[in-house]
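Once you scroll down, you'll see the structures, which are given as structure tokens.
Across the two complexes that follow, chain A remains constant while its partner is chain B and subsequently chain C.
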Partner chain A sequence: MAERPEDLNLPNAVITRIIKEALPDGVNISKEARSAISRAASVFVLYATSCANNFAMKGKRKTLNASDVLSAMEEMEFQRFVTPLKEALEAYRREQKGKKEASEQKKKDKDKKTDAEEQDKGRDDDNDEDEERLEEEEQNEEEEVDN
Partner chain B sequence: MAAAAGSGTPREEEGPSGEAAAPQPQAPTSAPGARLSRLPLARVKALVKADPDVTLAGQEAIFILARAAELFVETIAKDAYCCAQQGKRKTLQRRDLDNAIEAVDEFAFLEGTLD
Partner chain C sequence: MADAVAGRDKCGEPRLVSLPLSRIRVIMKSSPEVSSINQEALVLTAKATELFVQYLATYSYRHGSGKERKALTYSDVSNTAEESETFQFLADILPKKILASKYLKMLKEKRDEDEEENDSDDGSDGDEAES
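Coming up: the complex of A and B.
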């Protein structure tokens, strides 16, 4: 479907939201302007990628990394992006670390659970009775409050 | 009799798409931490891969490119708006964008690419 790089567009709804939040309330944007901005964003990514790739090649690396992209921003005269991008990168790294730890924890819990479930099979009926009693107690409390 | 006409609700080009008519799911808007990146990384990755000289790109690089693209959209929208303001209009037009591209050096790479 996308035959040329320039045809790879970013989702219109997201672009529109970013534009609206950047502009004051009550300001609108024409469809033509919005699609031109979307196209410009794609061109920006392509250009930034190309610049970043140059830095990667200079470093004799085959994989683009974050610092290549930051260097590309400076090369493209978008130095003002560098600081917010560095902050975003830090947050992203923390999130990735958190996700990794969470999934490792889930895995541990899952292993524990499968062991515990085998032991718990006999206890299920008892738990149901306990829940019914709790519900009755809650209803009683409500009646008292009304009075 | 104060009519509400003065509040200026121009509907010229937006049509019915005013507010939440987009089929995209509503992303959480209040938590700043949740807005690490609004642009889908998969699409950004597709753009990066379109470059024949690029072998591989790390996940962090894709993320930063996505975030940079968002910053770029904000920047160019604001710059284009300055032009619209001078024309006392409240709707950003294509020509505002063209003017911004001509006026701002950093946008020179866009010349000739949007047609």
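Coming up: the complex of A and C.
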């Protein structure tokens, strides 16, 4: 699978913004410096991936997971990243949980709504059936008690 | 569209990660031994890359000669790659720049050295080759 060179680069606009936000106001960033940092970032991803993959292989896993990435950071001597990364991971997991619950809630609401619509349609019939069933159940209970 | 650059999502909340996950994924997958990547690993790698960019930029600025001029230059970054152990892995892709004239001079000096060595060898070898 051949990637075009551009595909392995990160978008200039985002890289520039990250740099600007990290440096004091009014500092000028030369185009070459920006391009250098962007290339460095791509190399960083490759290095981190390769390192994380070693940890996955050690654990006999084929899928890279979060702890592999954290271990890679330590290995690469970027321990300073570990705490903020763990915080980001917690935030991400909370976000995912929230999304999951929201979509489950939506599904519940949707089901309820569909039920309600069906009830409205055959309301008379259903109610009669329900009443009959209830009466039957009550009778059954009474019979069992007697037995 | 502006929000994507400003780093905020549809609701105006700051994004967890600004770098595009799809692009990070392409780079990660270009690594030959990697089979699959869990979504959390992808998010963490993207976040780590952002932290890296910030760190490289601030480190280079603090240690660079550009501090007086309130600018970050290429040589600030390449010096960091050369001088800091943490950033050594970047040394090959961020070579120090020299003037073309200086490079040509270096080439010439090397060529002169090689020629001198050849001259001293020819004297003794020539006779042996014949017999």
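Definition applied: the second predicted complex is superposed on the first by the 106 of 147 C-alpha atoms of A that agree within 3 Å, B and C clash if a C-alpha of one lies under 4 Å from a C-alpha of the other, contacts with A are read in each partner's own complex, and residues count from 1 in each chain.
The definition used in the following text is that a residue touches a chain if its C-beta (ideal position, glycine included) is under 8 Å from a C-beta of that chain, and two chains touch if they have at least 3 such contacts.
Given the structure is predicted, the values throughout are model-derived calculations rather than measurements.
Peer 1: Following superposition onto chain A, is the placement of chain B relative to chain C best described as a clash or a fit?
Peer 2: Superposition result for chain B and chain C: clash.
Peer 1: For A:L8, is the partner it touches chain B (first), chain C (second), both, or none of the two (neither)?
Peer 2: Both chain B and chain C are touched by A:L8.
Peer 1: Please identify the positions on chain A that touch both chain B and chain C, taking each partner from its own complex.
Peer 2: The overlap between the chain B and chain C interfaces on chain A comprises residues 8-11, 13-15, 17-19, 21-23, 26-30, 32-33, 36-37, 39-50, 52-53, 62-66, 68-70, 73, 76-78, 81, 84-85, 88-89, 91-93, 95.
Peer 1: Okay, in this complex, where on chain A does chain B touch?
Peer 2: 2, 5-6, 8-19, 21-24, 26-33, 36-37, 39-50, 52-53, 62-66, 68-70, 73, 76-78, 81, 84-85, 88-89, 91-93, 95-96
Peer 1: Under the touch definition given earlier, write down the residues of chain B that touch chain A in their complex.
Peer 2: Going by the criterion above, the answer is residues 8, 10, 12-14, 22-24, 33, 36-40, 43-44, 46-48, 50-51, 53-61, 63-65, 67-78, 80-81, 84, 90-94, 96-97, 101, 105-107, 109-110, 113-114.
Peer 1: Mind pulling up the chain A residues that touch chain C in the complex?
Peer 2: 1, 3, 7-11, 13-15, 17-19, 21-23, 26-30, 32-33, 36-37, 39-50, 52-53, 57, 62-66, 68-70, 73, 76-78, 80-81, 84-85, 88-89, 91-93, 95
Peer 1: Can you name the residues of chain C that touch chain A in the complex?
Peer 2: Touching chain A: residues 5-7, 16-20, 23-24, 26-28, 30-31, 33-38, 40-41, 43-45, 47-58, 60-61, 70-74, 76-78, 81, 85-87, 89-90, 93-94 of chain C.
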